[in-house]
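Let me begin by presenting the structure, written as structure tokens, before commenting on it.
Each chain gets a letter, A, B and C, in the order it is written, and its residues are counted from 1.
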Amino acid sequence: MLTILDYAGVAVFAATGALAASRQQLDPIGFLFFAAMTGIGGGTIRDLVLGQRPVFWVENPAYLLVCAGVAGLVFFTAHLFESRYRLLLWLDAIGLAAYCVMGAAKGYAASGSAVVAIVAGAMTATFGGILRDVLSEEPSVLMRPEIYVTAAMLGAAVFMLAITLAAPLWLAALAGAASAFALRGGALFYGWRIPSYRPRPGRAQEESLKKDK
Amino acid sequence: MLTILDYAGVAVFAATGALAASRQQLDPIGFLFFAAMTGIGGGTIRDLVLGQRPVFWVENPAYLLVCAGVAGLVFFTAHLFESRYRLLLWLDAIGLAAYCVMGAAKGYAASGSAVVAIVAGAMTATFGGILRDVLSEEPSVLMRPEIYVTAAMLGAAVFMLAITLAAPLWLAALAGAASAFALRGGALFYGWRIPSYRPRPGRAQEESLKKDK
Amino acid sequence: MLTILDYAGVAVFAATGALAASRQQLDPIGFLFFAAMTGIGGGTIRDLVLGQRPVFWVENPAYLLVCAGVAGLVFFTAHLFESRYRLLLWLDAIGLAAYCVMGAAKGYAASGSAVVAIVAGAMTATFGGILRDVLSEEPSVLMRPEIYVTAAMLGAAVFMLAITLAAPLWLAALAGAASAFALRGGALFYGWRIPSYRPRPGRAQEESLKKDK
């Protein structure tokens, strides 16, 4: 079951990378490049930081073939996919939910620390998309007021909480993935936002504006 | 022979990094930074992903000295080099040809997988230039409709095909490098392009435009 | 003493990351993300390249908690911090001074090479800020004509010179950190600049402009 989820996550993230390539009107190798960066980028950085060597797709190149297959599929069908952009956002939410739990499980196994596990879960679920946005020169998902990193951290945290409470692995994984999916899904469906920082001009700031200008 | 090619590749890529620094009118340390990022960046990411530790230039710091020497040379001679931009593109093509084969050889030795070897070859030959473009805030080579990543993948693939067919190492390396150089050179000389994705407006997409707007 | 400096460096760099998040008006998780990237990014890349595994904050997650604490603090007090931007630049200079020496010490221990040590010192002190600038889509510190990477390299070089001259560790560390701080501080206080590359139009370049246009 986890293995199927894993490949599905790679495939869905690879599809979002290939769609970014289609928006930039790249050639097939450009599709392949962005599919691979987005599909396996987050897990690659996780494995490097945790000291897994070599990284997962060097052990098992089937992940690369999944990315290549998705890139080819999207190259010829992107005009259809684009009409299903909302469907894709929901698939992406499924990928995020699966990945934050799997990243947390790997991080906990490697370090024994719940804090590291939560960070590893958030990294696995989000760094692929960040790489995609930086390299395709599109506005980064980090800058949009979206609940994205937050959903990944929540999922990883719920998973770790359940593990700490001695829940069986399958239940902890289910609870973590469901929490992440519910938060991300609510953000997509209802437009939920987290209050963001707003500058509050005050005496001190006005003074600094005078000095710094 | 391979060692000379290796240093020549580092030097040529370092020179393209230093030229990017000259376009940004940086100071000598900026030249050094971009020369090092471009010259050794691709191989560094390759070594990290393959689990080589430490990376090649920590084992053998002479690579860093080559980058430093090239950066100093370009700082005082960039006004001459710029007039030889086309020569540099051809030197860059030689570096690409050498690097995709060497990256593939390292990737195959580390993983035993031809797919991983091709990806490692393409990464080694292209990630230095990608880092250079992202950090110097210039339009990325990824976005231009150029045959670049494609040439690196072709070279690595031809090398792996020859190895699989039990060709001697020198012949496989020569065939791979020659293929990559021929494709990249043809792109430079004749302006070859790969057909890129063009949006095809159709019924489905028009509907989605209405819904998403 | 070194441990206190280490945590102080992480905290100061994390604060500059959180301030970047405040300029982008992000939510609290955005503050956390940028605080962590800036606070531990440079040391993470250093550890990966030197082959330390896992990286330092996986061994000791307290560094992550420092970043989280700083992010929370800055989220509620950024309007005060902004009025103290110059104070922060000076704290950042202290962090740079401490980090270039500690990075050089780690690099020398891992490789035995002074060149690698200097590069590792410069990486540790500067890559966190570079990641912050690239991901927050702000103009990179690399592009500004500031003495920043240069100060980090000087500090690492002075430290290595003192070690080579058989100075005791504490004296070498002090000399390195003081050199870096003096150069960076002079740049902040007096506006010191290093001569940067200026294109010199000449016969050769004019010809190339004609040809390339």
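Keep this in mind: a contact is a pair of C-beta atoms (placed from the backbone, for glycine too) under 8 Å apart; a residue touches a chain by one contact, two chains touch by 3 or more.
Just so you know, these numbers come straight off a predicted model, no measurement behind them.
Under the stated contact rule, the graph of chain-to-chain touches is complete, every pair of chains being in contact. Residues touching across the subunit B and subunit C pair largely diverge in numbering: under half of the numbers involved belong to both copies.
Distance between chain centres (mean CA atoms), subunit B to subunit C: 27 Å. Chain contacts: subunit C has residues 48, 53, 134 touching two or more partner chains.
Residues 21-22, 24-31, 33, 36, 44, 48, 53-55, 57-59, 61, 64-65, 75, 78-80, 82-86, 134-137 of subunit A touch subunit B in their complex. For subunit A in complex with subunit C, the touching residues are 48-51, 53, 107, 110-111, 113, 115-116, 119, 130, 134, 139-140, 142-143, 145, 149-150, 153, 193-202, 204-205, 207-208, 212.
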